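Quick heads-up: structures coming right below.
Paired with chain B in one complex and with chain C in the other, chain A is shared by the two complexes that follow.
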Partner chain A sequence: MSTVAWITTRGLLGRRRFLLLLPLPVLMVAVALIPRLSGASPEEWVQEVIVAMGFTTLLPVVALIVGTGVLGAEIDDGTITHILSKPIPRWRIVVPKLLVAIGVTAATAAVPFYIVGAIASGPRLGLGIVVGSTVGAVIYSTIFVALSLVSRRPVLLGLVYVIVWEGLLSNLVSGTRVLSVQQYALTIADKASASPLLNNNVSLPVAVVMSIVVTVVFLVVAIRKLGSFSVTGETS
Partner chain B sequence: MTLEVTGVSRWYGNVVAVNDVTMTLNPGVTGLLGPNGAGKTTLLHMMAGFLPPSRGTLAIDGQSTWRNPEVYRKLGLVSERESVHAYLSAEEFVLVSAKLHGLPDPAAATARALDLVEMTEFKDRRIGTYSKGMRQRTRVAAALVHDPEVLLLDEPFNGMDPRQRMHMMDLLNRLGQAGRTILFSSHILEEVEQLSGTVQVMVSGRLAASGDYRTIRRLMTNRPHVFAVQSTDDRRLAVALMHQPSVNGVDLTREGLTVRAGDYGSFTRALPRIALKEGIRVRRLLPSDESLESVFSYLVEA
Partner chain C sequence: MSSPAGVIHDIGYQRYEGERLGRGDVFLALYTQSLRTVFGLGRNFKAKIFPWLIVGVVTIVGIVMMAIRAQTGEVVMKYAELPQFLSTLMVLFVAIAAPELVSRDLHSGVLPLYFSRPLRPADYALAKLAALVTGIVLVWGGGQILIFLGAAFSVKGFGNVMNELADAGLGIIYTALYAVVFASIAILVASLLKRRAVAAAAIVGVFLVTVPIVGVLYTVPSETSHQLAQIVNPATMVGGVGDWLFESANEIEEGGIGPFGPLYALVTLGVIALCVTLMIGRYRKVSQS
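Now for the complex of A and B:
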C-alpha cells in the first residue's frame, strides 16, 4: 500500500463523516427484507429497491461522501499541503486516493447490493448488480474526486448533480440517459446478471465506452487541477 | 543554495497582495517582517510553489517553484495554518513525510529530524494531545526530514511562549549556521530578538526595507514615540519637558499631557529625573502609538 493510500485510508476512517456510510446500506437491506418476508414477488419490489434505492441513491451518495472525503476534506483543513510539498508527480497523489475512494465505495455498496440481489432471485443477480455497482463506484468516485478539486463546495455541487441530473433528468428525459452514470451501471448490471428483473435503457457498448470516457476525462481533470493547486484565502 | 525572487507581484482581482518584490535569499536566517496583511503569507506561498505569481519569477537555484514538484527535494515548508493529521503520532507524521520524499532510510531520517527539534521523548503521543509549541516543532521536523537546503516557515512563533520561541529561534540559527537558507515570517518584532541574520520588511505588499537586524533593532528602540502622561501638575511638567532636547512637542489636554518624544530611550530616562527635580508625581505614563503599523511605517521612512 502506498504511503498516500495509507494516510488517505486513515484519514477517511478517522473522520466522523465516515459513519454516514452505515445507515443507507442497512436501510436498503431492511427494505428488501420486508416484501420478502411478506411473500411479495420480486417483480413488485426489485425496481424500487435495487434501482431507485440502490443505483439512484445509495451508490452515488456513498461515492459522494467518500470521493469528496479523500481529497476535499484535506483541502478543507489544509493538510493537503503536507502531501503536496513532496517531490512526487501529481498523478501519484490522485491515483492512490482515487483507488481508496473506489475501494471503500465499492465495498460499502457491494454488501447490501449482493444481499438484496440474492434475496430477490439468487446469487447470480447478486453478483451481477455488484459488478454494475462496482463500475458505478469507479465512475462516480472519479467524478467526485475531480469535483473536489474543481470546486470549493464539492459536496453541495455533487448533491445537486446526483439529485437533479442522475435522479430526475435521466429518469424523466430519455435523451440524457446516454449521459447518465446510473444508466451505464444499470446496463452493465443487467448484462452481467442476465436477469429479467432488470432492464436497461442504453446499449452495452455505449455503457462500456462512455464509462471509460467519463472516467478518463475526470481523472485527467483531477490530475491537472492538482498540478496547479493554489492555496487560497487566509493571507495575513 | 539561493532563492531568487524577481519582480514578483500577485493580485486578487483589484487587490494587490504583493507588489513588485525582488529579493535574493542566501544561506543563513532571514526574517520576513511586516504587519498583518502585508503580503508575507502570499509571498511565502509563491516561494513554496503553492500559488502562481501574477507577474515575475521565483526560483530556487534557477528552478521555478510553480508546477514543479521536483523543487521540494530542496525545499521544506512549515505553513501558518496549523493543519496536522491529529490522529497520527509525531513519529508517524514525520515518517509519512520521509516516505513521501522517497528517502532511502525513512526511519533513520525520522529519528534524526525528531531529535533535531527535541521531540524524541514525545514521539509516540498523538499530535492532537500536544501543546502548540510541540505541534509546531513536529511540523518543523516533518519539513526538515529530507534535510532541505531551503526552509520556509510562516509565522513559526505564533502562539509560542518565550521559552519555546527561544528554542525555535535557536534551532533556526543553528540551521542557518550550517549553511541552510532559512526564511521565516513574523508580524511581531519582539519575537525575533535573538535573530542573528538579516531582515526583509514588507508593508502593504511592498518590500519596504531590508538589511541587518541589529540596525533595524537600533532604529526601533530609538524611534519617536507619543506618550500620554498624567501628573499632579501637568502644566509645570509641560514647561520642564519642553527644555528637554528629546521632546519634540507637548500638548496640554483635559486628560493630561500628550508628549511627542523624538527618541524612546532618552525620553523614558529623562522623565523620572525631571519629575523628581520638580517635585511632581507622575500618575500615568502610556506609550500611545504602539500599533505595529506605526512602527513598521517608521522603519520604512528611516
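Now for the complex of A and C:
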C-alpha cells in the first residue's frame, strides 16, 4: 500500500465525519425488514428498497461524500500542496486516492446491499447486487474525484447531477438511460443475479462498454486536471 | 519579576459617540444579510450560480403554467400543489443555502464575535431560519404569483379574480409551511457540520433517504400503514397536511391520508418545534464553548 493511499485512508476514516456514512446503510437494512416482517411479497418492495433506496440514493450519496473527500478536502484546506510538491508523478497521486475512494464506497454499499438481497430472495440476489453496486462505486467514485478537480464546488455540482440526472431524468425520460450510471449498475446487477426481481433498461453490452468508457474518460480527466493543477486561495 | 505594566495610549482616533443599536437591530441586520446570502447577493458570480439556477427553473415552470392557463383556461395545477410538485428543487435549494448560512460561520470560527454583541444564541438561530424561510417563500411564492397573473387575466368578472386571489393567498401561506419545515430541518443539519460540502450532502441525504420508505410502507398490507406512510418524508408529510386542509372529506382517494389529517398537522408542528429547539440548544452550547 503506497503512502498516498495510506494517508488518504487515514484522513477519510480517522475523522468523526466518517460516522455520517453509517446511518444510510443501517436505515436501508431496517427498512427492508419492515415489509419482510409484515409479510409483503418481495416483488412489491424490492423495487423500492434496492433500486430507489440503494442504487438511486445510498450508492451515489456515499460515493459523493467519499469521492469528493479524498481529494476535495485537501484542495479545500490547501494541504494538497504538500503532496503535489513531492517528486511523484501526478497519476500516482490520483490513482491510489481513487482506489481508496472506490474501496470505501464499495465496502459501505456492499454490506447492506448483500443483507437486503439475501433477505429478499437469497444469497444469489445478494451477490448479484453487490457486483452491480461495486461497478457503480467504481464509476461514481471516478466521476466525483474528477469533479472535485474540475470545480471548486464539487459537492453541489454532484448533488445536482445525482438528483436531477440520475434521480429524475433517468427514471422518467427513457432517452437519458443510456447515459446513466445507475442504469449500468442495475443492468449488471440484474445479469449477475439472474433474478426476476430486477429489470434492466439498457442491454448488457451497452452497460459494460459504457461503464468502461465513462470510467476511463473521467480517470483521464482527473489525471490531466491534477497535472495542470494550480493552487488558488479560498474563493467566494 | 515585575508585572507587565501596559498602558493604553490615546493616539487620537475619533470615538463613536452615537447611539448604540440594541438586540433587535442586530437581529434585523443579521436577517437581511442572511437573506442576501441565500441568493448570493453581494458575493461573486460563483455564489450566485446555484441559487439562481433554481430560481430560473421555478420561474420557467411558473411561466409555462401561466401561459397554459391564459391560453386554454385549463387549470394544470392548483396553487397549493406547486410546492410539492417542485419539492425536489426545494431540497436542492435548502442544501445550497443552509450550509452557506450557518456552516461558514462555524468553519471560520466567527461565532464568538457574534455572541460578544447583544445578540443571543436563539436570535442567531432564528435570524438564519427566518432568512431561509423568506428565501423559499420568495421563490416558490413568486411562482404561484406568476400562475395567479395568468389566471387573473383569463377569468371573467371581478368576483372570480378575487376568488383566484384568495386561492393564491392560501397557496402562498401553504408554501410558507413547506418553507418552515424544510428550512428548520436543513439549518439544524447544517449547524452540526462545519464543512459546507459535507453539510449539503447530509441535508440531501436526510430528505432523499426517506422517500423510498414511503414507498415501502405502501407495500405493507395494511390500510392504516398506507394512510400513515406519507408522514415519514418531510415533503409528503406537508403534502398530507395540505390534503387535509384543502381537500374536502368526500374526496377520498386511493393512497390518501384517510382520517389522519390532524395527526399529520400535529407531527408537522412537532417536527418544526423539535428542530427549532435543537437548533437553539446547539447554539447555546456553541456560545458557551
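Just so it is clear, the second predicted complex is superposed on the first by the 233 of 236 C-alpha atoms of A that agree within 3 Å, B and C clash if a C-alpha of one lies under 4 Å from a C-alpha of the other, contacts with A are read in each partner's own complex, and residues count from 1 in each chain.
FYI, a residue touches a chain if its C-beta (ideal position, glycine included) is under 8 Å from a C-beta of that chain, and two chains touch if they have at least 3 such contacts.
Predicted model, so just to flag it, every value in this text is computed and none were measured.
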Looking at the combined model built on chain A, do chain B and chain C fit side by side or clash? fit
Could you look at A:159 and tell me whether it touches chain B, chain C, both or neither (first, second, both, neither)? second
Touching A:84, do we find chain B (first), chain C (second), both, or neither? first
Is A:20 contacted by the first partner chain B, the second partner chain C, both or neither? second
Dominant toucher of chain A (residue count), chain B or chain C: C
Superposed angle chain B/chain A/chain C, CA centres, nearest 10 degrees, is 80
What is the contact status of A:35 with respect to chain B (first) and chain C (second): first, second, both, or neither? second
Enter the shortest inter-chain Cα distance between chain B and chain C once the structures share a common frame, rounded to whole Å. 8
Chain A residues contacting chain B in one complex and chain C in the other 235-236
Along chain B, where are the residues that touch chain A in the complex? 17, 36-37, 39-42, 45, 48-52, 67, 69-73, 75-77, 79-81, 83-85, 87-88, 96-97, 99-102, 142-143, 155, 187
Quick one: which bits of chain C touch chain A in the complex? Just the residue numbers, please. 43-44, 46-47, 50, 53, 88, 91-92, 95-96, 193, 195-198, 200-202, 204-205, 208-209, 211-213, 215-217, 219-222, 225
For chain A, which residues are in contact with chain C within the complex? 17, 20, 24, 27, 31-32, 34-35, 38-40, 44-45, 47-49, 52-53, 56-58, 61, 64-65, 68-69, 72-73, 76, 152-156, 159-160, 162-163, 167-168, 235-236
Which positions of chain A touch chain B when the two form their complex? 3-4, 6-7, 10-11, 14, 77-79, 81-90, 227-231, 234-236
